[in-house]
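Take this structure first; my questions come after.
Letters A, B, C, D, E and F mark the chains in the order given here, with residues in each chain numbered from 1 onward.
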């Protein structure tokens, strides 16, 4: 059995309780039979992550969550497409750490010539371009756009959310030559089936992608290098 | 249960029988509990793949193997780091198709700043640079080199094989800043543990990487796009 | 005098006999006065090359054609825009080897800021993007598209073929800033004059481009390097 | 007169008092006659920034510093080569925001073919490569390395610090073809003169570079776009 | 006090006298209080620079201007967006040398995700793409276009000039995702305020950008490297 | 018959008369039987081209040479590896225009994985890197270096010139993985045979490469686009 620590880097108390339950059920359907999910949410910080400002306030809480709950797990998954704090978590973790965007983009490489991302918010496009550049796969990115429904509103009218995502995805397929679509927010998991059913190309749902990627890294016994980016911090330097 | 069709794109009869058995055992250790491996080797063509000439004679046999044995599987894995025929197989397959190199490089993106590949043969370096460019991850490749032992000789003296691989890997770490090492031949699986134990950075063994990647694509229900690169061929055009 | 071995990597018996004669006449008009063309077609494999599947079945026959007919020539030209087997042929040839796409793209570099390719088939666009990346000239490629007439139908209604190519080319000029157009199939040679006459930018016909490039490499005494990609294969490894 | 808010994203109380005074004097020598510097340090968080973990704990405090002290300034400078929080600050600031690394790299473009960075710590090299990629100037970066003295030790023996920096810089000049050297830490300002005097190429000290860049953006009335990356956050979403 | 030698690489006698006076006033408003501008125009060569042909005839005159007037200045600014002769001037100058395009593009890096350039003439787009590539910032360039008014006509109807620039800029913002607009000709300075007022994103006027960049390089004591590109020429080789 | 106008962009009177004769003989050996060479040298400007300063004074004379001698030719070749004025000449020429560097680099794409350039002078390396970037083939360039013999001294001791070039080339092969070597100066033509004989990889001599490329462009009836970079200048704007 492998235990995956899934960190929700948002204050889940601010979310709709029914939606939250369905996310848990979704994860349990996706996980392998040999996987135990240990789920933890931050309790201070942003209710959703849509800007670098949000990321800024989420990261210390993510790091504290890892310090508080990271023992005895086999992999850590940061459950947000912004991949907040993933690099910093790797500095303090002895197990593989997976972000939703990098897992999705890595899988997309095997599924089609160009992938595109449909996310939410005006800054989504350039933010995701920067993520693709940081990952080194920018030549495979056909485009990225955000719909106008904010993250906390994605569940209010799932039909409308799906419609906007399908429309944005089809536009990227038609005008940018996208061959694979990635949903650019793990909060879109509950509409993924509806979107997938309507698209002529494969759809990657990032929460599932990250979980499966975490599972196989754990099973393969692979964790990140410690000889470059991910050198351990000197925690004694922090003043509080 | 998910069935993975594993295609050995080399004539396995030319290989050492004991090595072949150990490869099977290795795969069985790596596979998930819900995975059934269906293994098939080509019977005409090269005994090993080290040049584009070898690839050229292997690909038709790989395609025939898929046509003969590809029904009722959930994913197809081409068990060679040259990823021979992977694009062509996608044109005729309705299930996800995974090559060993692309799976390994995709995983490497999550494990360190730069990856390097230690393979075999003089042309390995430039060939692997071309593979990384084709995959779009060339900016993450620190370097690639080949040791001097040919593929069919890798098992003759496993200690020596491991020593040469470790030496090449350490050179890439020291001089090119590699943070992750990928073994550039699935035939190196039987020395992977020895190499891993000696390296200061993570080691990706491509046969295992490809199998796990095939598993999760199958579990996620993801297969490649059919709207661009991977359009179905018109088989009636072939003359024999 | 220089002898160029021109390999048609398709089963020419499947082609219209009158078209085939005109291709020969075209080549004879294009060739230099000091050039002898030695033409050979594969006799098994695809009748045309439009997918990686087609390429896969053509390559072994191309290699056999070189082995059977490659003695005493001064250069080898593979007469197809997919450049099938060009890398593999270099491994076994002591003379320069030229593919139609790489010759065309190399010439295009001297003729305008950005080139575009009009080819045939849905997969043409991404395939040609991959070719440009493999050649390292992707930043010069404005775009690539395929018309809907299949290769074997290009000669049926030359007027219609030309019209579709002109329309696609003008679209690439207007919307992608293309300054040079390359025909993406050597089977389009017979409509090249009609297309050229209608375009406001230079048009490269790849069969002619490859032949002239082969001529000058032969005249300059230049052949490919043998110290990296193009190391000779060990043919004894093949099992048939 | 233009007021520049200079944010030290580290707890300056942990620094040597004499060094801190000299940094202030240095800034006052560098600033233009029409510039007023308003300096503020975070009071919680890391004493120095050398890892992403450090950045993670610094960013919320930087954002609070801007919210508390950002009124009535004409530009904001984040005084650290990691450019912590610069993107997030732009989301909440109506004035130009300058990071030390991006200012230095922008200036370096005008001074030589390739620049290199000498910083401190094992992760400096890959971190700075990622910064250069994020800025889009990776093709101008010759290399980046860190010396072994930690940030808080840079002032202990300035002669030794300078010697190590000079040695690292000369190595990058000799082996990587660097034409411009950037100091990769604003804490190196007090040894900049000594390093500059010993190098055969121009040296950019990032604290000065960022201050001058902030001055001219303020004077030119230029601030960042608000139509893409830097959309204002919804602060009501934060829970504390 | 710092003296900036501003070289107009066009024959200013061909320009409207009132416009010329206003350019001077503009520069005097932009310059810092500690800056002395020393302005010199070439007297032979092109009246404006819109082609490489124009550049070709301007460069020797620029070099002569530097040789005649370059003593005792602290920086040299070449006042044209084509950056004519900037590399050659660096070979003979001991002070920093700034071109209008490279200064503008360097500043743009700090102001938004992607910049675009609105210039004049049909060749502007590809020319500016080449400039961005030469500077190494091509991944940040959203696009570049020219309006149809030639350089010497920009002042004839400033309202019309501004309207065309605003229209072109808005098109680049809407269709290419531009976040920052750069005016691609220093002759557009007199309409910059009108254009800026109408745009939803920051506007960089290159004459001002280059002057401020020259000022801070002079103040920082930074001049270009002499160990690579900018090696001094052997003037005795010239025959006249 | 095709007439190629070969422009020597240096004052040939400053060259050794015997060398000049041998260059002519070399060109006559290289040219095709259907080619007439019309050779013209500039009479004012630099005796050799080794800096941007030299280029700056050569270009107007090159343009005048084209205006004086360009009628009735079928192609123009600029006989210098710096490709001085090639873009400007295209603006005024109705026939194809070929530079020595771009012709050599285009041919190199077909001959090996990576090419390298051995030229002369300290600035050769970065200058050639910029040329490769401008041509869009920078990913194929393994490296570029200059030997210490200046252009006008290359003929003084041909044995020593060849030795230095061979040594530099072998260094690039051994340390940078170069598979093809290009001589980075057309003045090296007379030592090309000696260098070629000593190298394990193909050697491209740029004067011959450019001549053959000019021949085939003329034969193919291909000239450069006029819809982008190469728009005709307004010559009436020039003041003399």
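Everything below uses one rule, namely that contacts are C-beta pairs under 8 Å (C-beta built on N, C-alpha and C of every residue); 3 or more make two chains touch, one makes a residue touch a chain.
Keep in mind that this is a model prediction, so the values were computed, not measured.
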Given subunit A and subunit C, the chains that contact each of them: B, E
Label of the chain whose CA centroid is most distant from the centroid of subunit D: C
Where subunit B and subunit D are represented by their mean Cα positions, the distance between them in whole Å: 44
CA centroid of subunit E to CA centroid of subunit F, Å: 30
Residue numbers of subunit A (touch at least two other chains): 113-114, 125-126, 130, 133, 136, 138-139, 177, 179, 227-230
Touch-based graph of the chains, sorted into line, ring, star, complete or other: other
Which chain pairs touch, all of them: A-B, A-C, A-D, A-E, B-C, B-D, B-F, C-E, C-F, D-E, D-F, E-F
Interfacial residue positions of subunit C with respect to subunit F in the complex: 30, 32-34, 96, 98, 102-103, 105-107, 109-114, 135-140, 173, 177, 179-180, 200-202, 204, 208-209, 212-213, 215-217, 219-220, 222-230
Residues of subunit D that touch subunit A when the two form their complex: 11, 13-14, 43-48, 50-57, 59-60, 62-63, 85, 87-88, 90-92, 121-123, 125-127, 130, 133-134, 136, 150, 152, 227-235, 237-240
Partner subunit F, residues of subunit D touching it in the complex: 113-114, 139, 177, 179
Subunit C-touching residues of subunit E, taken from the complex the two chains share: 125-126, 129-130, 133, 138
